[in-house]
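Which chain is which? They are A, B, C and D, in the order written, and residues in each are numbered from 1.
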């Protein structure tokens, strides 16, 4: 077997413009692709270290501004203009319409109700009884395990060790609060050190694997929906009847009736999200702000709940059980991404809950708009005017 | 209630550099955010029309090169260098390692086994019997409905109308093949026209809503896993024992044993994906190539299956039932994104299945690397060296 | 290792009173259990052949009469008195109350909307491409396969071969209509013969396993909910406002509001049934009528849908996607069980759909009663008066 | 509307032979059904009070004896002969075969690893923040709430109040240990009293509904699989290679390979149980021993895990997360049912865990037999000889 040529690397300094050019030359030679646009970046390659390997340039993703949306959250307060990076025509316009409906109805309340980021080691035993006894031992040594885990991090706190015994194994979830970081790596490190301490101190020196696959990192799961992953966030507002009629061209009674139909659809289909389209807003906001874009998989899960009020107005909410986001670390410090966080006053320490509230508010706005469009029958028409089909 | 200021728009030409600057000034005035990096784009704002509204600049997402990976697919054949846009350190390096393990084992076979993109109107009736009779009518008028639907599109073909009766409603899924487009909008339009025809021609003139929420657009669902959404793609290869030992530092027997443990974890957690982390590679490749990034929600679903062979080698596969991708339309024509598709020789007509095969191959590579790392115990260490915790 | 004594058997005639007595003596000697009640059966042991092995007597399960319930189904028409076998106090009383509410509101409409009983062989191949090609071959040879399968049964018809490719395998579901039998065994036999024919006639002589575990026999599954197993049956009625107030002591508006709350609960919990308690009525009716009692696992799945009408009345429905029942074969011919089927005029040929309609009507009645009780706050009180806590 | 005649009742004494006869006469007059077999019961109608209403006789369900099975549990120790009530031919024979394979391999270990029975009230608030604050209040008043709840029961203990905030509601699960009772009613009563105390003592006097539908009573759910309902029980044994070959006619390597295929099938289908057929054994044992037969819905959920050992033997386990059973109360005291519990030395105080262990052992035996039969290709043949198709 002949091997294909390896990608050029420079062990001394791989994050330079020259090195990026060398790789572009290499791939241009292989494929004939003209990489002029990819090469026309304006950020310093050096700042991408820790975010990418084999850097060859950047993808320029169009950035639009949605809003304003009035948020009356615990942390997010005021009128926000929301940066959304997407290539999906009509998305920004549609979210803006939803934001307007929310704002004209008085704004959206947002609340982070739980924090829990996990690593999920599985411990292997001779039989189920040994595994159960080990579970008791974990409870009895909870304080020390917490100390050991937390010794590796300044902001992470171990809040719970959930236990799920199956066969002769104990699947666990080490659940942390992680401050302003998303925390996947922080919790991985803390849990690894805790596991090593456990292996050393438990009489059986149990074998373990750092992931028993119930974290469930970068994937949707019923576990996430039930137990929370990252932040569990709720956004809720009352859509005024007049706003529904005039701006959204729908009647709250029809929205409420459709809620039943869509909930049945969600149950019939086994959907991860029972509303209209959380993933659109989350993906666009995550890309704009340097979040880990793969976390759309987890973060898009959620439950929509509505209630027609005696006033004729419509209470509308979304509950997102697995919002994974950060205002520090990862991609948040890259130049464009940081600016987008700054637009929301969400960069840096003490801002993660505020940002999570904005995520939920954005999701709700998107659902308000799309759901109304579907009901008002102008869904197809809207894509004809603004979007890809033009 | 005072209203916040609206975002400046120019009805005549909203896609100019001046207009983008005007909006940046506006938001800078509101928030103090310096938008220098966002403003330092090199693409022509005019090309973003149809992909974004309220354009203010671009997000520059670091782009790295992974590979080479040898693919022996039906459509994708040869050694590929894969552009991945991400801010997640170690991701490109990790995928590259998996690609090397695959290539040194002889390459990965990839196969698209089903195509099906949906819109899912729900029809409302007096009772279940009426709904059932309507279902029979749909079957009897299948040919004409197909003609009507397909009259709106040059590349879409209506291949099936699935029926899911609940209560006094008939939930349907109009399933199409969509050529090289992802097809959400195409199928929306075709289904709308078909529904209007149905409403006109069926004696009951039935009410319908264009989405009964079982599409399930931009969300994971059991329906997708079972019935396919977009493309159902399979990647499979046989990991050679020597490659496992030398490159991945794991034993195939341990990989196989861990497969049982992870499958149990996936069942226990109710995970959308039973392997390690499909979403990482999909998100990075989707962003690089102008796919709809929100489709990570659907596309990350999948099933991993492995088998230890008598030879001591390890058969390893991933089945992705809901890969949604395009090589034409949407964001694929934007300058950077198009270049990335060209790197893979996947831009334009006749390339969608080839691209889908690459997606599956990339996912498998990522799982090979991460799974091995978890087992080899160097997962935490790897993030320490390359990644965010450095 | 010493072996425990084997249970006495008589190869010549194991279904006699003497042989039953011999086994009771044996077990009495081992355990001291007085088996007087078990021995006091009145049926002829000979009739149990084909339904049990190692017969030692009978369990006498209390049988109560619920109703009347007015059913306006396609097959079930009139006022029915429903035999329910249970040991759960208040169950019969509660179902009767629901039946009365339904009857006083004008009765329940019932409709069987789909028939589909499966066996699900999985075929094993070298790679996914071979499996896909085999799938095409199955389609091309559909007619002959149907003939072969149907040659083994007088009432079963092969209506579809669903295909679910994963890895290098083709999971299939052979879907049949089965007349008045539940059909698990009939379809097992027909599918086995079809598979043998396939193995003989396909050039690759593919290996297969008769169950790839997606039937999904004797277990709930998303597959059942989506694709139907057995019969998909819908029951629906409109609860009159006055009946709600006077008989159930609830307001339709509260029922409707609670529907939202319970639907959210079902989504949050990932419940197989989104209403109150289908399994109670199904289990009791199945035991009374000689159904396979294990099929409660599949049959209890379902979706509840309600709608508050402008009149103030409440449309209430239940959709059961996996009702597995028979009016012939299995336990239906046993003396007590047959009498219970006769009470419903459901014994023998041509009655299976009628019986399935009654099942759905009963489930709906139970939900009407329990849901109202929960809302009216007398749930605990009811158990105090009639039930186990007395 | 004419009303159908009501079922005759006697408010003074409805549990007499005369009253049963009167109702049989009534229904015989209505339907022509001869109720001779139903009437030929030998138990005293008076003992059925609290288990049935409108008593008309009994269903005589055939009872067979399976076993012996050697159990080496924490509570169940020794060789057991297991009473199974069923009308499904081959079931007892098949379970017996599995029990023999287990016994000849040295027996099965059984372990109850968690106890948790729930009622799940939902509390309604103005907004999510109020709901979250209420959740904190619940935690702070946990001790008093426990005291109040436990004041209503001698054996129930409140061990946890789980919280699942959605929208402006707090869904809770009050989790109890319930001694030897299944505990649905006990926990209903205790939770009701606790809720009344909460409503009285919390400053907002919150509205609540006793069931927010996440209990999830009488239905399978992901919640049950994750969080346990009733008892979480594990059975495990090591199948000896020789026993596999000689008794089951299968090879452990094939069993292991098939485990992968069936696990994939379970994931593909979204099955509640990843093994072969838990519901059969559970239903038959539940009916024999006076359990609530509707709980098959919950109890049949589970996870199978196997491992091929270096010795060539096969570790085989089943984990059942939601076994709901009792050795006291409900139907356990009825004459036949009590005798069956006595056969297992499981009647009365202190026996519930022992009984739960037997349930898990029986389930495992059934899977050993059926799985082997499917692999050995004699599945259809077996039904031909013993079962319904003869």
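Please note the rule applied: contacts are C-beta pairs under 8 Å (C-beta built on N, C-alpha and C of every residue); 3 or more make two chains touch, one makes a residue touch a chain.
Fair warning: this is a prediction, and the values are worked out from it, not measured in the lab.
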Could you let me know which interface, A-B or A-C, is made of more C-beta pairs in contact? A-B
So, what's the distance in Å between the C-alpha centres of chain B and chain A? 16
Interchain centroid distance [CA atoms averaged], chain A/chain C, Å: 41
Multi-chain contacts in chain B, i.e. residues touching at least two other chains, fall at 164, 166-167, 169, 222-223, 225-226, 263-264, 266, 268-270, 274, 303, 305
Sort the chain contact graph into one of these: line, ring, star, complete or other. complete
Can you tell me which positions in chain C touch chain B when the two form their complex? 74, 109, 111, 113-114, 127-129, 131-132, 135, 164-169, 222-223, 225-227, 232, 234, 236, 270, 303, 305, 315, 317, 319
Sort out for me which residues of chain D touch chain B in the complex. 222, 225-226, 257, 259-260, 263-264, 266-270, 274, 303, 305-307
